[in-house]
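Below, chain A partners chain B and then partners chain C, in two separate complexes.
Up next, the complex of A and B:
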């Protein structure tokens, strides 16, 4: 390697990123104004929409952090994507900040926060030692402290690696091993706290796995989109090879199958058991218009991407793969929409808090466009800010020479 | 047919190389020189070799996909026939055609069909089993499964000429060039 390689200056992010950054910020501010109006005039819908949009970007950041840790453990050719993963995971402090509206909206989102509901419900009383406001907040604090701690430490050690300190290589691997365990546990409990407890009677032991599969799929799709953008510009145009996209495409295919496998397993087990606490979750989602959303997900989060991603040629052509990944990100949002929205009436009220009416008919609210714009815009602004701060390749990575061989060795 | 009367017939000419890089370079040059009927032998898989030899992509993935589709369809049809037509049984009041219950078996038979198609297809496309192959007539070839790399230009190639091809191969800096008896 030349001396120039060692300072990483020629690996700086392309100028276009500044344009994207300001556009993302504008979109975020416009969305935020919409959300502000929603907060004033339609508070119930605001909290629900914000939660859905928030879960999507949180999934990208956490999934990227998990993939980064897997990369540190496995090594190999996909080290060329390390800086994209790192930039995504460094957005976690902003995500902790964006969690505040959810804390503010707890009373709207979660029926178990109301003493009078708990008093009238034997199951909620039984779950009260876990589902109560102080413990909910403490858990959220633990999740974010752990996630941010891992992301921050990995980012710091990665910088030390850039500066030539090779003693961090081994430590990064140890941190990645322990960090993955924490990530999986925290993501499982966060899924239970923030999504599953919207319907506090329902439970599913597969829910954590569904969360993790969703995170992986979101993070891979996002990384493919960003890397395709980078691969058309200096300095990455000569570094990212079809074989690198091939790897991400293969991983996307695996996560599409994983997502389908977990969701189907959950569906089949609930269907087979037919228990009073479990089956309403699916009955809600296969009636009153929601069944078309569910069917849409089966077709467009499994069948179509599965068949498309089987193709070797498609996975090796970034300009085509990017469209599959864009579509997958959109479908991920619809998936989260279906996880949350059917538990609310079209008035925005949590069904588990209204007496009498227990049916939700399909609806979409204008805040379901404003919230993703706000959350997504602000998050992308943070992401591009972070991406521009470091050289785009972790050039001191000991596995990188192999990764950058002509065919992108394996 | 008596062998003594046919001294001229050859399977081809084979060059021996010490490194995978030399083999890939030789294959590329042979292709540039216009040779098409050739094969390379290596103790390790070399990803670049397919391209250097100009091999067309294998049809195996299509066979595997077909095997999977056939296996899955047959698995589902078997369950539908047995549980909804031939021997309908009321289990917990569910419909006879309870498709979610059929999926695990359908999945398994899909994998079975795909795996069988892959196994059988792999043998068939490689024309295996092949008890005799001329390249083993060259004594040096024993090291093809050890530490040496071979390129064989076959006599069926229209450009093949015993003298000139041997000269061409010698120009690629091999360890040696051997004639391969048929």
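Up next, the complex of A and C:
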């Protein structure tokens, strides 16, 4: 294990990755067939389920890209995970493609796309300069252009770094600085566009932070899962140490706490102020069965992972940590489910202020299981394809020595 | 002797301690500031200035207690003004200390070592200054405990637990207590060093009592490190919680400009931002005056600037967010609040704070700026001004024109408002000067772990 060797051949991905790739592809295709059936027989539900699943994998990719940029800026001991982050962020072109169903489904997802609906609603008329179809599409184009541009450039310079060109180090830092600013702004507005505007009356200024915390949490959990797999095989078995998992575990703990902090703040402040324009969002989610989903999240996206991740031993044992991370990814999906689905519980119009409360009961649709299979499978296939293309360690990273020597602490 | 850190390829990172230092030179240099018999004349000048303003504070408090809080300018509709502005400003400043001592310790950031001690002291003094405002705002501070703390009483009277003001009492008092414990715990080994090096019997006795019988045995160190880590763990949530609770004071209300869900993280970022600005404001003259450039190196200055850039960007994001949602909410009162901030009678304050906190901080992106000590000193002072203005704008512009135009009015502080504010700056400066004269302003024992000598024996701490 010599990090200084200027050739990544011995750091190639293990062969098992091909097996994972094909399995992911099969799962994706099976899911796609399900989604195809859904598209034909229950189009409205298909779009909703697709949106939820899509947001989960998008969060992993964007969170990984943000962590990668932070790593370029701050150095630090998680440089050994750089290639996982890079592979995740290189999936963004596929994610842009997978956004197309959402564009197709705008009419059923977003009530503000209907002119007659807007005409009857003074608030929506006020928001029309922002919430209109052309501008929505232009914004989506800007987000994806920016994200893909950043990911692609970082990936290119990373390859040049592998080839021994140290002049990119500085440029990577500059790009990361500007890139983080773009990431934060684009993620905020994407959150407003794709999630918040499902209920176009509702708003919360904290929403961008909640998006970013979700991205970070899903990206860290995913990275732990993948790295645990890699750590059992050559070449990473000698490189990834308990201390590296310890660091990711600590960051996961921090993001679990941040997620809870943001969500608690939002809930408490809206609850205490009890204003007509804000409170319906939470009334929807604390009644008609949805409250159990919300409570489930309190317990399983905060209390249980928080208590588990406090343990130093657990964080240093990848074979145990991986289960917490798996669970966190699953819970992330439920979190996104709760962000999206209750708004559609009242059939037809999602404005629960208008329709009767009796139609708002909790439901899970079979497409909510098929869509994650399709989106997740295809995305994983892309991820593993990307991961296998480069040496698994960014061996020319200027911080790598520090990262490999890290013993972890506390 | 070789420099302690190899610069990375393609970049030169300044070291956390200048080359050539040994255990002895570190102890001599830092301990010498305290144990010398000759107090530098500049110290007297600085302390004297602080002390004069402290006297102003005493006069103000005297007048306040005799006359009542009517000497302040706040009145309906602006019932909260300088008292809360200054409270939030000081509490915010305190945050850098806790962040440096607790979070950077947990993240094993070695560069915290030479700035943690005086940043923690700064936290304590800032909390002391902050606490004066709500206490004196009660008008009868000797009754404040009776009003603020819930205690079982025969009348069955309790404070309103649903009010964030009561949460504030707990948050701030917890914060003060934990910060004090953390600071004192960190001091113990250094106090023992001073005890052992003191020349006069009286000094030795004082440091002897304060060092709690520290002998530096392996067992002492083992337990000490454990205790220090635990305290760091306890302090970490406080960095977020205290200013979040302060933000709740505003955000639970229904007032446009106060009720925003983004307030907690946005206030916390602002607190850390202003706190680092204050650490910078103090560190730059300190290192110059006591020739501590070897210990508070350009690495520290760079890193502090970067923390200010990150947190300042979050604050700027908060401003943009508020402006966007004032429109997006489609709520006419929100929209009015924003236009009143931008074009109303206090617009100058709003645009000044935007110029500082959103525009000026972009300078921190540039290495040339981060290398320019004089400029950084000026900029850090400006950040303190900008963050004070931010609180002024949030508090006053939201109150002075609320839902009912018939109750609109302007707010202007009186001379006693200014006397109270500058007085607390005097208190802060006086305490800080006393601290650097009588206690080691940098953690000697921690500095000794980062000299090259320490690396030979044990590579890693913690």
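The rule we apply is simple: the second predicted complex is superposed on the first by the 388 of 410 C-alpha atoms of A that agree within 3 Å, B and C clash if a C-alpha of one lies under 4 Å from a C-alpha of the other, contacts with A are read in each partner's own complex, and residues count from 1 in each chain.
Quick note on the criterion: a contact is a pair of C-beta atoms (placed from the backbone, for glycine too) under 8 Å apart; a residue touches a chain by one contact, two chains touch by 3 or more.
Note that the coordinates shown come from a computational prediction; the quantities given were computed from them, not determined experimentally.
Applying the stated clash criterion after superposition on chain A shows that chain B and chain C collide. Comparing chain B with chain C, the partner in contact with more residues of chain A is C. Of the two partner chains placed by superposition, chain B and chain C are both touched by A:272.
Of the two partner chains placed around the shared chain by superposition, neither chain B nor chain C is touched by A:15.
In the overlay built on the shared chain, the residue A:181 is in contact with chain C alone; chain B does not reach it. Contacts of A:262 after superposition on the shared chain: chain C is touched, whereas chain B is not.
Only one of the chain B stretches 7-15, 43-51 or 151-159 carries C-alpha atoms that clash with chain C in the superposed arrangement, namely 43-51. The interface of chain A with chain B overlaps its interface with chain C at residues 268, 272, 407. Residues 264, 267-268, 271-272, 274, 310, 312, 406-407 of chain A are the ones that touch chain B when the two sit in their complex. Considering their complex, residues 8-11, 106, 108, 162, 229, 237, 240, 244, 248, 251-254, 259-265, 313, 317, 321-322, 325, 328-331, 365, 460-462 of chain C touch chain A. Within the complex, the chain B residues that touch chain A are 47-48, 61, 65, 92, 98, 100-101, 103-104. Taken together, the chain A residues at the contact with chain C in this complex read 122-123, 126-127, 130, 166-167, 169-170, 177, 181, 184-185, 188, 192, 203-209, 250, 257, 261-262, 265-266, 268-270, 272-273, 275, 277, 398-399, 407, 409-410.
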